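Letters A, B, C and D name the chains as they come in the text, with residue numbers starting at 1 for each one.
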Amino acid sequence: MIDVIGIINLVSNDYALGEITQHRPLATVPFGGRYRLIDFALSGMINSGIDNVGVLVPLKQRSLLDHLRSGRDWQLDRKRDGLTLLPPAYERQKQPSLHEIGNLHANLAFFQKSRQQWVMMIPGGIVGSFDFKPAIAHHRASGADITLLYSEQEPHEYDCTNHVGLDIAADGRVQAIYSRPTSAEARNCFWGAMICHKDLFTSLITKHYAGSAENLLQALGQELGNLCIKTYRYPGMLGRIHCLKSYYRQNMLLLNPETWRQLFLQSGPIRTKVQPEHPAKYAADAHVAASIVAGGCIIRGAVDRSILFSRVFIEQGARVTGSILMANTCVAKNAVLENVICDKDVKISAGRVLCGQPDNPLVIKKGTVM
Amino acid sequence: MGQQEFIALILAGGQGSRLSHLTKNLAKPAIPFGGRYRIIDFTLSNCYNSQVATIGILTQYQPFELHSHIAASRLYEGANSSGGIFILPPYTTDAGGDWYKGTADAVYRNIEFIQRYNPRYVLILSGDHVYKMDYRTIIAHHKQKKAEATIAVIEVPWAEASRFGVMTADADLCIREFAEKPAQPKSNLASMGIYVFNWPVLKEFLLADAQDLKSDHDFGKNIIPAMLQAGRELYAYPFQGYWMDVGTIESLWQANMDLLGDNALFDLSDPLWPIYSVDPAQPPHLVAGRAATRQSLICEGCQVYGQVEHSVIFPGVYVAPGAMIKNSVVMPNSLIGANAKITGCIIGCGANIANDCEIGADGGEKITVVGEYAHIAAGAKII
Amino acid sequence: MIDVIGIINLVSNDYALGEITQHRPLATVPFGGRYRLIDFALSGMINSGIDNVGVLVPLKQRSLLDHLRSGRDWQLDRKRDGLTLLPPAYERQKQPSLHEIGNLHANLAFFQKSRQQWVMMIPGGIVGSFDFKPAIAHHRASGADITLLYSEQEPHEYDCTNHVGLDIAADGRVQAIYSRPTSAEARNCFWGAMICHKDLFTSLITKHYAGSAENLLQALGQELGNLCIKTYRYPGMLGRIHCLKSYYRQNMLLLNPETWRQLFLQSGPIRTKVQPEHPAKYAADAHVAASIVAGGCIIRGAVDRSILFSRVFIEQGARVTGSILMANTCVAKNAVLENVICDKDVKISAGRVLCGQPDNPLVIKKGTVM
Amino acid sequence: MGQQEFIALILAGGQGSRLSHLTKNLAKPAIPFGGRYRIIDFTLSNCYNSQVATIGILTQYQPFELHSHIAASRLYEGANSSGGIFILPPYTTDAGGDWYKGTADAVYRNIEFIQRYNPRYVLILSGDHVYKMDYRTIIAHHKQKKAEATIAVIEVPWAEASRFGVMTADADLCIREFAEKPAQPKSNLASMGIYVFNWPVLKEFLLADAQDLKSDHDFGKNIIPAMLQAGRELYAYPFQGYWMDVGTIESLWQANMDLLGDNALFDLSDPLWPIYSVDPAQPPHLVAGRAATRQSLICEGCQVYGQVEHSVIFPGVYVAPGAMIKNSVVMPNSLIGANAKITGCIIGCGANIANDCEIGADGGEKITVVGEYAHIAAGAKII
């Protein structure tokens, strides 16, 4: 229980993952066998001792409301503090605001009511086992007005367009923010996490709500001259999901036992919505290798280098390789899947053969029967 | 307070001494079972799926984990005059205190609790049986027969009948005779320890039994025979399906094995009758490249590098490369070291089996039990 | 636990109560000292044994999400069934649909997933102690495709414009639906509650989503010839809130002890969001008559024929008559309020005198300091 | 399992026999108090507001309502290895069972529970005191003094000191002497029954005390004197503010009265220190046209047609026209008939006082108690 309000910013590119994000926001994209992406941000907040968490609700909210409900599964259903949903403003005859400043402005009352003094905002499309306590301590000791968290990383070529780069002076102060960096500028990757005092945060929101900034990033850019904006290098593992390639790649990384342990066993638990599932059941003919299997699965066929979400059925003779099968996928006898992503409730008929490429997996839309 | 048609009482105070070290620090109903469950989850899920509104759970022996598990499962939200789950441990009054002396005595000491709900029927259940039953069916049967008490019965092999309370019933299922563990059974209809009583009738017999200094205060030994002798209307309710009293190491092991195979005797995956439990909050398990897993149940948080065959692996178990687990039950957070061989075993929670151990034997009649948090040194052989 | 899906339809006139509904939907308008209007519909569902309840979320949703959260305070936070929020559909670059058919259509999956066979839909702006079991039994026995619930009542003159009248044949069948009835046509008041089979309900939604009906009422009108639509006269007390006058009047009715008992003590309890409040505190100078007082109030002045919500402070010498004071209203020394509605967080300064008329109460906006 | 800095144990097993019929069916901490509360709510809210993560509640005497109330208050969500509220009733083990023989024995029998959290400090609290305290402050004081045990103390009038455990401390607050209810008190610093112990030290003394056949197994009578005698570092923590042990009818009545008035001795309305309880799910109360209510607390669901003066009226009470309630405590769902006069009384839950009764007297030293669900016939006079 630390003196920080957590904000999870779910404003993002609506169609980042194509069909997978057609009917759901990035925040509720299934990941890693039993999770939704937001689980990592939420669990990170709780494991960092932040228990007053506001979630900026995107417009596509059905799956989010269904997933979060009371926040109980994250132990955020409390008498005081806990989870607060911060929906976008609605004004008659006007399109609801699509960026986070409008959304935050509509919910200023949440900040005023909160007892905590500091604000930590993180995005919703990140994967990791987060502990933000050192970053918060660093901010409070540094005397900076705002601290931006960044990771040092060699961006993949497909990353650059979804990357924000920081130019950092020797004293840690941010000199420039590159929203479309070259690969040299992209080295210090700002991934959307920031810390500042609540009063500064709300005054910035009020100021830029009336101003010209289209989003928070632009607003920060405009403030570089006015405020002391410094940085904190986040040292941990960080997966950023912003396109289909990064989604597939981050999932497949989990098949490495070392990564699996780092993400799931090193810090606090990653919590998610709880549903009653029976233990995964392996039949006499099952042949599973280098895979992740969730509760409720029944496996009679062969599975290799794949991620099986809850209640996936693999029939006899079926072969699944390099694939991500979301909840309730059924793969009938002798079907073959290679480098395929099946969204929820997909049924693959007997004998069907579907192949994608490792760098361009085939996506089967939710509910498809083929 | 409004009347409820029926409430359920679950007897969960027994020690389960035949389960040896597994119940040293644990009430029998709290024993882990079937990967993700504790034994009491089956009775509790039956209650929830049957829409039983009010449940009292009578506890006494080492109840801490049992209480914690029930609270964490949050099967019922709230507990108040309209229902919920109530834990009923022994307590003292201004007249002093007594432990529950038997199953009937435990209910007798909670007459006031039952009176709060003023039910027409009381359903008496056991916390240590594995089965699926819609209790609305037995209540309907009870009403249809206009019975004063109804006892669920199951056909057992004649050879085993003498281990049970055995019923002789006429064609109408009216019970004529009842014998507790008879040497020469006259019937193979065994009592499942599941009773429906008209509450006023049960109360009358509980009050009388409490006065009887020679009574064991037990439903099977005392209450049922007394009712029969008094000429009350007792009926049998024949149950079809899987039922197991997991009172011994062998039956605990067997009931776990009965979950395996393509046509498992007991099916955990029925979406219409979910078995609820406490989520272990662990990630989906990882099966490594060289692992082999067949005819098994494997739970969240496991890391399998070795071979698992015809076994039930609970959450958070680590199976090192080269390890081989067969016909075994491995409880949560155990560690099975490299090249260890585990056959026909029950491995308790948090046990640490070092590399190259060899534990248990195939085809043996005896199940090898490794107690919780036991450490078995590298290379040990226990058969 | 009966075989019925409950739907609470919160689609309503956004500005029905003027400033009171400027920033909140009708559903979360405070009522009766500690409730929000939706509490009566929700409690009615539960007290009727309906425990799978979907709420059609309006666009102005912040206060609704805050109020309902997990549904726990209504005992609807369950492993199976319980409360489900049904938000409006969101399609890129399109105004979210403003009527219930679009909203229901976006949430058809909820109906498909539900185990129950019947649907009971009620509106959110009604006050009463509801038991719908007889109406549901009547529907199932009647053989009608749809049953509409109505009340026989002499409408007040201001009611007619917000009234739907039914022309009912001798056999109970609806012959005409008057959406702007004359006062003769308004006698059988249809108040938005209906019962039908789930399959019919979803097929009607699918059909009229593609059709020309602007809302459910028009769709029902179009179906009068095709389906057997019958009625059930709802016999209980029913308050309909659709304008400031009806709002004020329905509140004031509660000051009659008989009405208070009928609403609160006769059937099951009316549940609402629970907050820790201390017992109302009467000082030595308090003088309270014919009033309703909620927890957390501190009264040092005079209160007559008024409704005090949680944490209202009445200072010494203040006089409050015929008024509705919502949560956190402070009335300072010697101030006088007559026929006033203070929205939440209003502060009235010492000595201030504010008067409205019984048929035209003065509304003080949320947060005003005057 | 990770270490927690401290956990709290609340002693809630006492019978409270000096509260006469009020505790016949109810543990003392479950007695309704202050309109919307039960006595234990104050200690529980202190824990919650002080961010105590883990609480064990030791119960024994008539615990049903207490257990139900704690479950319904849902102050803590979940109860697991990271914390929550745990009910700890007496239980049996394979070595048999024993009731809690005293406050220290109750803690002794739950050493295993404490070990699960492996805390540095253990906070021992009572479930039957009314006060507000931030326990983080006493823990900080304990750490600052490098104490092995810290005892919260409050100054009481010298005349009353002999009713308490009395401490003699030096200027540094180091405790030199402790006397349980001394005839000739040497100090007016009374123990509040709130202790902080270093867990290893407490464990050592609990284990020793359990072996002592002559011990009463009580913190005040045995553990603290033993520690003093052994020369351990005991410090006093002087508490400023309201504190009341509601162990008698008079103190229960007085503590209720202390909530009244414009400058009440004990303030329930501090938004920074909310007192949590169970919501009665009742409507705002109704004060009729001819009613008069002054200097009182009145709760949800009440209907007041008569006169209420300087009294605490709990939820669901009906005060008929012409009735007059003064200087009294009226517990939930009681009915006060027309023209009845209630003065200086405690009226138990659900009591029915018929018309024209006259109960209690003003200025008397004795509080008149009407037991729960009692029916007092019309026109009766009880003084």
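Here is the rule we go by: a residue touches a chain if its C-beta (ideal position, glycine included) is under 8 Å from a C-beta of that chain, and two chains touch if they have at least 3 such contacts.
None of these values were measured; they are calculated from a predicted model.
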Between A-D and A-B, the pair joined by more C-beta contacts: A-B
Centroid-based (C-alpha) most distant chain relative to chain A: D
Euclidean distance of C-alpha centroids - chain C vs chain D, Å: 41
Distance between the centres, which are taken as Cα means, of chain C and chain B, whole angstrom: 47
Touching two or more other chains - residues of chain C: 72, 77, 79, 276
For chain D, residues contacting two or more additional chains: 78, 276
Contact footprint of chain C on chain A as seen in their complex: 14, 59-62, 65-66, 69-72, 77, 79, 84-87, 90, 92, 95-96, 106-107, 276
Partner chain C, residues of chain D touching it in the complex: 34-36, 261-262, 268-269, 274-277, 279, 281-301, 303, 305, 308, 312-313
Touching residues (chain side chain D, partner chain A) in the complex: 48, 51, 74-75, 77-78, 276
Sites on chain A touched by chain D in the complex: 1, 72, 75, 77-79
Interfacial residue positions of chain C with respect to chain D in the complex: 32-34, 255, 257, 260-261, 263-264, 269-271, 274, 276-296, 298, 300, 307-309
